[in-house]
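Each of the next two complexes has chain A plus one other chain: chain B in the first, chain C in the second.
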Partner chain A sequence: MTAVEQGSVLDQATIERKQARRENWRLLRRKPGFIVGGVVVGFWVGCAILYTRITPKDPFTYTNPEGKVGPNGTNWFGTDKIGRDIFSRVLAGARDVLLVAPPAALLGVAVGSLFGMTMGYFRGKVDLVISRLIEAVLSLPLILVGLLVLTLSDTSELLKAMTFGSRRILVIYVVALLFTPIVARTVRAAVIAERDLDYVTSARLRGESSTFIMTREIFPNITAPIIVELTVRIGYAIFTVATLSFLGVGLPRPSPDWGLAISDGRDLLQAGDWWLVTFPALAIATLVIGVNLIADSIQSVYDR
Partner chain B sequence: MPRYILKRLALSLVTLWLLVTIVFVMVTLLPSDIARNILGNTAPEASVIAFREEFGLTDPWLVRYGRLMKSLVTFDFGTSWSTKRPVGGMIWGPLYRSSKLAGLALLITTPISIGAGLIAARFRDTKLDRGIVLVGLATASIPDFVTGALLAVIFGVKLKWFQSVATIPEGTSALGQLDYLFLPALAMAIVYFGYIARMMRSGTIRSLESDYTRTATMKGLTGSQVLRRHALRNSLAPTLTVISVQIGFLFGGIVGVEVVYNYPGLSQVILNAVKDLDLPVLQIAVTIIGGIYMLTTLLADIVIAWLNPRARLELGQ
Partner chain C sequence: MTTSHQTLEVKDLQVAYVVRGVPRPVLRGVSFEIAPGEAFGLVGESGCGKSTTAFAALRYLPRNGRITGGTIEVDGTDITRLDRDGLRQFRTHDASMVYQDPGTALNPTIKIGKQLIESFTILGQSKTDARSSALAALHRVQIADPSRVMDRYPHQLSGGMLQRVVIAMALACDPKLLVLDEPTTGLDATVEAEVLDLVRILRHETGAAILLIAHNLGVIRSMCDRVGVMYAGKIVEEGPASEVFDDPQHPYTVGLLRSLPRHGQRKSEHSLATIPGTLPTLGAELPTCVFVDRCPIATDLCRTQEPPLVDAGLGRTTRCHHRDRIVEILDLDTASVSGTSGDTVLQITGVSKTFRQGGHDIPALVGVDLSLADGETLGIVGESGSGKSTLAKAILGVHAPDLGSELTLDQHQLSGKLADRSADDKRAMQIIFQNPDSALNAAWTVRRILNRSVRKLTGVNKADGETKVARLAEHLRLSPRHLDMKPSQLSGGLKQRVAIARAFAGDPRIVVCDEPTSALDVSVQAAILNLLAELQSEQRTSYVFISHDLGVVRYLADRIAVMYLGRIMEVGETDAVFDGPHHPYTEALLSAVPSVDGEPRERIHLDGEIPSPANPPSGCVFHPRCHRRIDGVCDITEPPVLDAGNGHLMRCHIPAEQLLELQRDR
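Here is the complex of A and B:
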């Protein structure tokens, strides 16, 4: 095969890929789930970006001298235990979770893909051992592992240096760590399905290096499951971050984080103060449903 | 078949050993002063030293690991570091209570989700199907503690139908306990509805599209007859796998629900053990949760093999 012919074949492949991408995007835009999810997530992303610029009151100061009051004309969602405006805190709470969850998902998918690709491509003893380890970790609930790691990391100087003293970065690391085994397992399965196909064999016969085959031959063919995994993981990351905050090991006070707010309001539920819990809970619910609607639409387009 | 089960059991043991070792490595090798952590910052140095002596925290890690392995074999995990009570006594009560809650949740969720999945598949691509899929997606993606909190607000605080806190007074009758347990169980049931219904739907659709279903239809069976006699059996297999995985996660997986309702289950024990880095309690909790997970998945595989002769063949190999 001459160089020119090879070039044209490659060009054609690029064009085809571009066409497929455009077609996917066209299908995606028509999905009602994608549109609804996009609007909901867009709203929260807007809140996260504008932050205190759009909150009617300062989410961190005690605007109501009476302390806790129910929803009324000035405090639409009421105020919390110490008189802070819940409406403002719910809007501002989008920032913390959106600064932590998507990066955590991205990091987890990146590291997990790396592991999964190496395991699936080389197989052998290393794959066997790591697979067993993954199996063991996955038999424990994620939240339990997260709790343990976050509690332990308080004492580690090394971790403190790695996170620059920021709790947010620590939570990102931990959630990414929790997702790595799951992603690795998914990507490993995808690679194993590809590795014995003709194009990989021919690349091997051409004498290409393992790195080249993994990154340039196999990787472009498994981007679909990786993208699906990423969107699904973002939903789970929000889930996990909120739960960890709720359990008191996530983001610290006075963060307006929703999980934290539910944890604080729970004690007052008994007395009939429903607004402290309801609004942050609805915020979490809408955000995760929005993200999952998007993830679901992307998945159905790719699985077509 | 027996050989397969034995092999799986052996593998589960290896996984359990790995699990316990991972927790040990995390707690032991990371630099944390367990004695100081449990006794608090104000405790005098002498009592901290005495504490370390008492629980052998100053021994080399290999000795401590050996002790752990011994306790794993004899299933005697010793005494808790923070409460100084035997670990066994601390764990069985909460485990029983968690099982009760999880059992109730499964009782609610299994028939409803399987039914919803079947209906969705039977009326595929209609409004009904879309509705079920959407509800499933929503319920499965909302964190358990959020669902629990919202249910507590609506049915506990506003409507006052059930108790919004699940601390059951001593001597409550079984029916009276339901008043306390219903909301947390419902919250768990709602979380799992999505997973199970989704699996059931896709499993049923797959079997409805298969050749034997077409044959049955051509034989002149009605839609519901085909569903009952032919599709159901086959679509149950993937659903069972999902249910079994969820059972494993029902323990400790939904820490949030137990915390929201203040339920004295396994989650409380685990939360406290993690906070204190109470290794003996943590180890037995991890062993039990991991063990339940592995046993239920194994059990599901066996039932699937029993349901489907083809899977039995695959397992035999």
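Here is the complex of A and C:
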């Protein structure tokens, strides 16, 4: 084979590779799920950044002296028990959830990937021990973990230092802790599929360390499932943050957090005051669905 | 052939695959016909359109495949015009297909019997009738113990048995047309030979027309009456198999045949001919003659005028302007390589490897003794499961051998475990894998792959490393542009070059080649084998060369070791092993290889399958399958090591002289 002849073929190959990359974007942009998800998530991100300017009322002060009123011309979504504008609070609530859920998912995926890679690469006893630990964590109910950490955060100096006294960071830790085992399992499976491939044997034959093989050789080949896992986890994280707040072990008052709002309005639901719960719940639902639509689109493009 | 009644008649068939909305032509006017009871073979490099033709013959193209022209008539019916129901009827009753991988053709969760019965109930048989038909079908494909096989799941059967089951299913409807797409690729030569024997018998029984696709020219030669040579979506030459292979009339056929090591050709005689260049990419604009860019005798005429279909006599047709000049294609490069061997580099003594699985010991290697000289190639052959790759991995330290195994590299003791070996010892031994796709990290560029190996193995600084990578790439004929590409952008042959470059990055003493060309086309294989021979003669590297292709081993190896059930059965100089006396196992292996030269050879039938290494047979481990076994001796006593002279050793109870005599009589 001469260089010239190979050249013409390879030019083609380069072009095709570039086309494939562009193709990925094109496919993604053409997916209705991705567009709808992008618009919904974009809306909430916009709210999170700009809420101080776009909310018609101050979400933290009592704008209605009558206290609780139903949706009307001035308070579109009504007001809550103590007269705060629900529309403004729902918009402002995006900020809390978006400050907590994505970092929590990211942390969970990062730590989970680390465990997963270690388990998948070494197998044997390491795998066995970590697997049992993971099963133990997975068997704990959400509320128990939340309460436990919350209690500890009041007494443990270490935890105080780690969270810098912030409840948001504490919630991030709790969610990440709950996600780590699930992510670790996914990544472990991906690593096991890779570690018996010949390029890994080749790396061992030239004397590479395990750390090098895991981080430089295997890791770049399992980024696709990790990215998919991350997007899926962000969706779950939004839900989990809301759940923690609803259970009273998440973000503290007077946060406009949606889960908290649902928790506060819950007992009035039977009295017919539906707006207290419905609007924050809709907010959670739209954001989670939006994120999941994006996650599904990314997954289908990677799996193509 | 102008008989009015053909089973399959393909006329000017054109097929395109629609990629991103653009149709890309794959078949550009394919015409051929198959008479009832006739076997027609299609050969050609991967990507030439063989499989597309096969799928098109059943109108079973992928979703983006379109028939853009031509007709396909099966028994007088144009199947390109059939509607859904018609097509369904056609596929149920008139035609069947056997695929390459029998493991994926069967549903792993359903018992063999149930799947087989289904292919009879679909024909309208009652449950009980279908059951007896299924049993009869298994009898017909000569499966041992059919009623037990019915109760098994696919994973409980070997590859050869699965392929028999698939063939039984394909024959259920008594098809007029049977399409076999690489039916024996991936099977051992011994199993392949038996499956092919079966197809031959069934063909005469059923009278079905057979379309056989195979990349192995020997298989085509031994199976087919007529053969078509495909290139870039066209049949460039067609005719009776014996004529086409013995006296090719198209430059491409000539090139294909010359790139095979044939007639016992050795690297010391001359290097293999290659076909320069690569197949045009899918859907590319083609010149007038599809082969012109790679043809050694092309002229201006070939570039301006499409070659007509020429009658080349003896029932052959070819698409070439210059049929009279075919003889001019000479071996362009007949330089031979000298294969002198010197001192012993590697000595392994009593190497065993036992795996533990579910509380059972599985001895994969048992007391292997071998030596490897400086600049020598040691070929290792044997069926799959004979321990070839385990031996390679034990030598490399990837699977540490059992205690008591001794490995000596350049007169010093070598630790069994890779982790305990010194940097120099690691550097001394490298490997080239079978599958370049998994051997190269898909996320790295070629430059990074080579650079890392050079620097890790030789410990040079950054600048020297870069120079060395550039030199290495040049040596392996990789252009600088290839260096910045990722493996997925390279062709199979180029990928394997990168893998070879990586193995040679640290100037190794020994390179283990584990089936390095079995994933490649023959023309690419020739280039890789030449390269390996060249590198060896320049650098005096020793090779441990594992291959199931005896022709390739014969070409490259100086000595050959034959393995069976983790033991060395025979070892000796290549010529001695091929000329005989052979160990009976070697004799059977040699007889199983379908030859492209069509030398008639009586095949030795090996009974049964390779036993499980967990409980090897008593006495000689080969005795249950041996055609020369002496009852009362071979099944009781372990055979001694015979010396047939000149370091040619074998483990057999029959003396060498007697073996030679027995084998000469055949």
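We take it that the second predicted complex is superposed on the first by the 268 of 304 C-alpha atoms of A that agree within 3 Å, B and C clash if a C-alpha of one lies under 4 Å from a C-alpha of the other, contacts with A are read in each partner's own complex, and residues count from 1 in each chain.
Basically, a residue touches a chain if its C-beta (ideal position, glycine included) is under 8 Å from a C-beta of that chain, and two chains touch if they have at least 3 such contacts.
Keep in mind that this is a model prediction, so the values were computed, not measured.
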Touching partner for A:217 - first (chain B), second (chain C), both, neither: second
A:140 touches, of chain B and chain C: first, second, both or neither? first
Partner chain in contact with A:278 - chain B first, chain C second, else both or neither: first
Chain A: partner with more touched residues, chain B or chain C: B
Chain B versus chain C as contact partner of A:165, first or second or both or neither: neither
Which superposed partner A:23 touches (first chain B, second chain C, both, neither): second
First (chain B), second (chain C), both or neither touched by A:201: second
Contacts of A:73 with chain B and chain C, given as first, second, both or neither: neither
For the chain A and chain C complex, residues of the former touching the latter: 1-3, 5-7, 9-10, 12-14, 17, 19, 23, 197-199, 201-202, 204-208, 217, 220-221
Interfacial residue positions of chain B with respect to chain A in the complex: 14-16, 18-19, 22-23, 26-27, 30-33, 37, 134, 137-138, 140-146, 149-150, 152-153, 156-158, 164-165, 248-249, 252-253, 255-256, 259-260, 270-271, 274-275, 277, 282, 286, 289-290, 293-294
Interface residues, chain A side, partner chain B - complex: 33, 132-133, 135-137, 139-141, 143-144, 147-149, 151-157, 235, 239, 242-243, 246-247, 259, 262, 266, 269-270, 272, 274, 277-278, 281-282, 284-285, 288-289, 291-293, 296
Residues of chain C defined as touching chain A within the complex: 20, 274, 276-278, 281, 284, 293, 396, 398, 418, 423, 426-427, 429-431, 433, 435, 438-444, 452-453, 456-457, 477, 479, 481-482, 485-486, 488-491, 493-494, 502, 506, 527
